[in-house]
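Note that the chains take the letters A, B, C, D and E in the order they are written out, and that residue 1 is the start of every chain.
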Amino acid sequence: SSNSETSSKAPNKEIVVNIGVQGKTGILTYARDHKYFEKAFEKEGVKVTWNEFASGPPHFEALASGRLDFGSVGGTPVIAGQSGNVDFKAIGVTADGRKGNSILVPKGSSIKELKDLKNKKIAVAKGSSAYNFLYMALDRAGLTDKDIEIIQLQPDEARPALDNGSIDAWSVWEPYVTTAVFQTGAKELATGEDLNINAPSFLIARTKFTEEHPDLTVLFLKTYEEVRRHYVENLDEVAKEIAQSQKVDVKIIETVLKKSDPILSPATAEFSKAHQEQADFLYSVGGINKKLDTSKVIENKFVEQALKELTNK
Amino acid sequence: MSNQSAISLDKVNSSKKRVLKSKRDLGKVTIMLKGFIFPIVILVIWELTGAWGLISPILLPRPSAILTTFIDLVLTGNLIEHFKISLWRALGGFILGGTLGLLVGVAVGFKKNIEQTVDPTIQMLRTIPTLAVIPLFILWFGFGEVSKILLIAKGAFFPLYVNTFLGIRTVDSKLFDVAKVLEFNRWQLITRLILPSALPNILLGLRLSIGVAWLALVAAELMGSSEGIGYLIMDARQFSQTSIVFVGIIIFAVFGKVSDSIVKVFEKRLLKWQDNFKG
Amino acid sequence: MSNQSAISLDKVNSSKKRVLKSKRDLGKVTIMLKGFIFPIVILVIWELTGAWGLISPILLPRPSAILTTFIDLVLTGNLIEHFKISLWRALGGFILGGTLGLLVGVAVGFKKNIEQTVDPTIQMLRTIPTLAVIPLFILWFGFGEVSKILLIAKGAFFPLYVNTFLGIRTVDSKLFDVAKVLEFNRWQLITRLILPSALPNILLGLRLSIGVAWLALVAAELMGSSEGIGYLIMDARQFSQTSIVFVGIIIFAVFGKVSDSIVKVFEKRLLKWQDNFKG
Amino acid sequence: MTLLEINQLNKTFVKGRDVTHVLNNIDLHVKKGEFITIIGPSGCGKSTLLKAMAGLDIEYSGEIKLDGERVTGASIKQGVIFQEPRLFPWLTVERNIAASLPLSDSEVKENVDKLIKLVRLEGFEKAYPKELSGGMAQRVSIARALLRKPKILLLDEPFGALDAFTRSHMQDALLDIWKEEKTSMVFVTHDIDEAIYLGNKVIIMSARPGTIQNIINIDLPIPRKKSTKSFQEFRQLVLGEFEKVEELELIDSAGI
Amino acid sequence: MTLLEINQLNKTFVKGRDVTHVLNNIDLHVKKGEFITIIGPSGCGKSTLLKAMAGLDIEYSGEIKLDGERVTGASIKQGVIFQEPRLFPWLTVERNIAASLPLSDSEVKENVDKLIKLVRLEGFEKAYPKELSGGMAQRVSIARALLRKPKILLLDEPFGALDAFTRSHMQDALLDIWKEEKTSMVFVTHDIDEAIYLGNKVIIMSARPGTIQNIINIDLPIPRKKSTKSFQEFRQLVLGEFEKVEELELIDSAGI
């Protein structure tokens, strides 16, 4: 009963693929700027439209309303979306997320290790991947949320708070981490890598779309993979390009890109487990109100086929 | 004869009065009911489309589902606590911003000189988006209650300011001449001429300000908060818990209407001297 | 003698008039300058505190830095394009919402019956936060321009609605009687009595609506957009490019002031018949 | 032939628990082409009565019929000149007079110009009400009512703010119109001379509650002269009646 | 002793390129305790002149002095009764009269009550202006001006909307106050009888531009009687002067 044009099976009607992007440094953003998808889908007579979002959760509102077909988001929004019963599939893993999140402390802070966070004010955006990361990091340090004061702040607001000292630490994701480090000399207290925390990010797709257009879904993944390969191989150039269009120091972009470490992979057992852990963890701290079986939304067949077709080529 | 007629008329009047009273009560109820026509029609259509599966419950949960969530939240989710906190914030911000708006509006309306100096700056500030100033507020005032209340106050300031200003500038200059002849001092000028005459506009500004305060609450509670209805809405949105979002929306709507009605009651009382078109 | 005096007076007048004209021009300039006192004082303090390193440039870049960024954005960053797009959206939303607000306000103000049926619902809608209705707008209208314009229209609707309503309800019932006696038809009643009389309030509503439209733009451009000043602001915040954020804020402020001034010019022309307190 | 008919009109104002009885059992018949003048103490209900006749106030008991039909609302059949000028402040003098009629229509324009001349406001066509003197504003409102050629014209102290000469001029102009158009007139005034000079009938009202105290038929030929003996006799008669109404002892010292 | 002194007053209204010359070389001296009445055609500038005397309009050439000092603004020294009642619609009758003075002060309250009795508005203390008749509103505004005991009282057609008897009563009440308080009075009226009945001097103005045409001293003893021969002689004199001003041919047909 979706009212989207894409759900129409009538062959004479033009099919439109709606893709969501967020941030300035992602593969999809890069692909949008170079019209990779337009070229790939043109052959099938399919049109591509782009929608930019400020963060992960709005993707799911758009998916639910049938206005969005594909997107790339972090693990936590995926869990949130599932808990909200949005009908979608996670059709591929885009990053292991080990380098994506960090806990930052301002320059010259007395906090040297995680244990020092006790009784401190820490800013984090609820529902983001950094939120999970903070809780897990605390867990590793033998602390709980009772030992610290959590301040709910979106990154845009947390940044000035960190700068003027009204918070002691900030759990956040890229590119905020690198930007803060470069601009104010903030220190990374702990990264996902340090703590060995996996937080896979996903490509998501509207279930109905994948059912009606499996071929287009595969095409989407294939195109994504092609762009990714080009992107990874030419990281320096990409960085320069983004830095120029965004008017940001190229060193920041380079660092962000290197850390983002994009992949395209099926949800392997390891990734699935990590993701399930994230969901269980969120439930245990009351972030979501029910226990989830995350495997229900994971759909590997498209990415497997896409990767196979690419190696065969 | 005149006496007699007066008596008979008195009778007519008193019986008429009784009829009038019950009629008036009935009238009031009818008026109230009229106001409910639209909301009820909408609710019914909404519930039915939901029940027939025409709209996904994730996007638009049915009224019954929202009601269930509402009861649930009241019983287990500290909804009342959230509401109280939001109410205090909105009230605090509104009182601060509204009072300032009124005072500055009076000053600017009163003296052309002050207007020429201050008004252009205020008009510039008016269109600065809230979301854009939040970081500065945090920088200057931290993210505690101060920032939140100031943010709400910023929103509440303008409608009252602008309306007070206009109200003062629509004071009839003929009455102003009277005030001059009677040698009103400044205080009397403001309290006996300007404010009463500007009252319809000021009360309108009040209603707009209350509305804006309530709206700014959402933005304010995005800022380092973990309580309040605004927080509840945005939090639920992150997790696609649409029925909670709607509980929040409905609380906003109902509260908006209630506070508006309260001001309207005052309006009726304070403006009984008016001889205006009543519709 | 009377003739003579008339002539001499004529001379006095014409020379007086010339003086008056240049005096008036001078007056206008002074008035403009007065309006700049505050902004300039603030700018200077701001620049100085920045130059002395009292405030981190990331939090609050100096005016000169903002200016540099501004020029840079104009030359290389399509600022003009962004501005045009935002302008169209704001204008579209404002025209849609404002026109509706005016029409509904006239209807509701005009007929008590309509008021009782429609106004309660509208007052409820007024305090529903924009951020909370965005998902519904996406559901119903997608992310395209329609959604954005509707969102802006939603904001622009209320101030004009409420002010028009009040304006109509402050029409002197004495003049209303005159209109009845002269058998004005409905159209004449609205165009010759109600609108002119409500004009001061309607124009105020217009100014508030334009402001709100401009503010709602930020929220609207958060929604699946990749152009516009609102988008520019939100986007720049990702890399803490504060000076871009400030360019956006200042564009908002300046535009707010400019559009306000335009309405005020109209106001002066249209209300020259008024005999009111001028401050 | 009766044009306007008022039967047993009673009017009360209710304010909270206070009931003010303003008009008491008013019976009045206005024949076609009749000129009726009303005098009475300030606050006795003259304006209230006129408002009811005009159909601007229908909250009364009793009935008012125009041409045999109940008056349920205002219309151009009943022209009204209010006690205050009540001009539209946003319209110029000529537009105020034309009001709902289009000035672009050359016939309307011609009539408006004629009336402006009649009320002696040439040169002020484009002036706004705030630029007029009190008497000038009142003359504009007179012109406005005259433009519409109503069946019955209700005038509430129309010449109150005019000097003696402009007033005489306006009185005669009104009489001319009355004779030409056969408009029925109900004319409220405080000037006893004016009442006698103009009316076929002078109605004397008393106050609290407003009652018709007496009706005096003036059967003098028109044009009348105020200096004639018969005029002065009517004057004494009306004054005597009015005296009863007011029952004031200060009449003598007032030197009338 | 001169209380108010007007020298070479000229007043013009400028509107765009139009210049209207309203007052032309007005010279007028008002002695302490003098009662001056002004008559003149509608629109000749009487209200404009009064406004200038009151200090409400200071954009003129020439000078106005009160007690030897230039008038630069309004004050309670110059009491004013405007042509329209100009009541504060949000205040009841008694509050309108008290205005800036506190009714809680028993002396004020007493005076207000006395004045309410004087203008015959007992029972209407708590009424709002919209509940008053035209004449009642005017009486409230008279009471308001009288409460303040000004040095000079400027009255702009104060009794225009009152019936003959209330008017006589008010005229005598005003004369009583004048005699008791020695207030100087400047009284604008359209009623020639009233002008002669009240004034020491009648000032006759002509229009476009407003000029003082003639000043007639009325040296009749007070109280005056309108029926006396000497009164009627003054009446003829004033009428004759006024006639010149208006230069109308219709005076005769007007039957004055």
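For this structure, a couple of remarks:
Just so it is clear, a residue touches a chain if its C-beta (ideal position, glycine included) is under 8 Å from a C-beta of that chain, and two chains touch if they have at least 3 such contacts.
Note that the structure is predicted; figures quoted are calculated from it, not measured.
Touch-path distance (fewest steps) from subunit B to subunit E is 1.
Set side by side, the interfaces C-D and A-B show unequal numbers of C-beta pairs in contact, with more at A-B. Between subunit A and subunit C the centroid-to-centroid distance comes to 40 Å (mean Cα coordinates, whole Å). Chain centres here are Cα means. That of subunit A falls 84 Å from that of subunit E.
Centre-to-centre, using mean CA coordinates, subunit B is 21 Å away from subunit C. Contacts with at least two other chains are made by residues 59, 135-136, 139, 174, 237, 242, 274-275 of subunit B. Within subunit D, residues 84 each touch two or more of the remaining chains. Counting partner chains per residue, subunit A shows two or more touched chains at residues 61, 64-65, 156, 159-160, 163-164.
Contacts from subunit D toward subunit C in the complex involve residues 51, 54-56, 73-76, 78-80, 82, 84, 86, 88-91, 99-100, 128-130, 144, 148.
Those residues of subunit B that touch subunit E in the complex are listed here as 174-175, 177-178, 180-185, 188, 192-193, 196-197, 199, 272-275.
In the complex of the two chains, the subunit B residues touching subunit A come out as 53-54, 56-59, 134-136, 138-139, 142-143, 222-226, 231, 235, 237-242.
By the touch criterion given at the top, residues 20, 23-24, 50-54, 58, 61-62, 64-65, 67, 155-156, 159-160, 163-164, 175-176, 179-180, 183-184, 246-248, 252 of subunit A touch subunit C in their complex.
For subunit E in complex with subunit D, the touching residues are 13, 15, 39-43, 45-48, 83-84, 131-136, 139, 157, 160-169, 171-172, 190-192, 197, 223-227, 239, 242-243, 246, 248, 250-251, 253-256.
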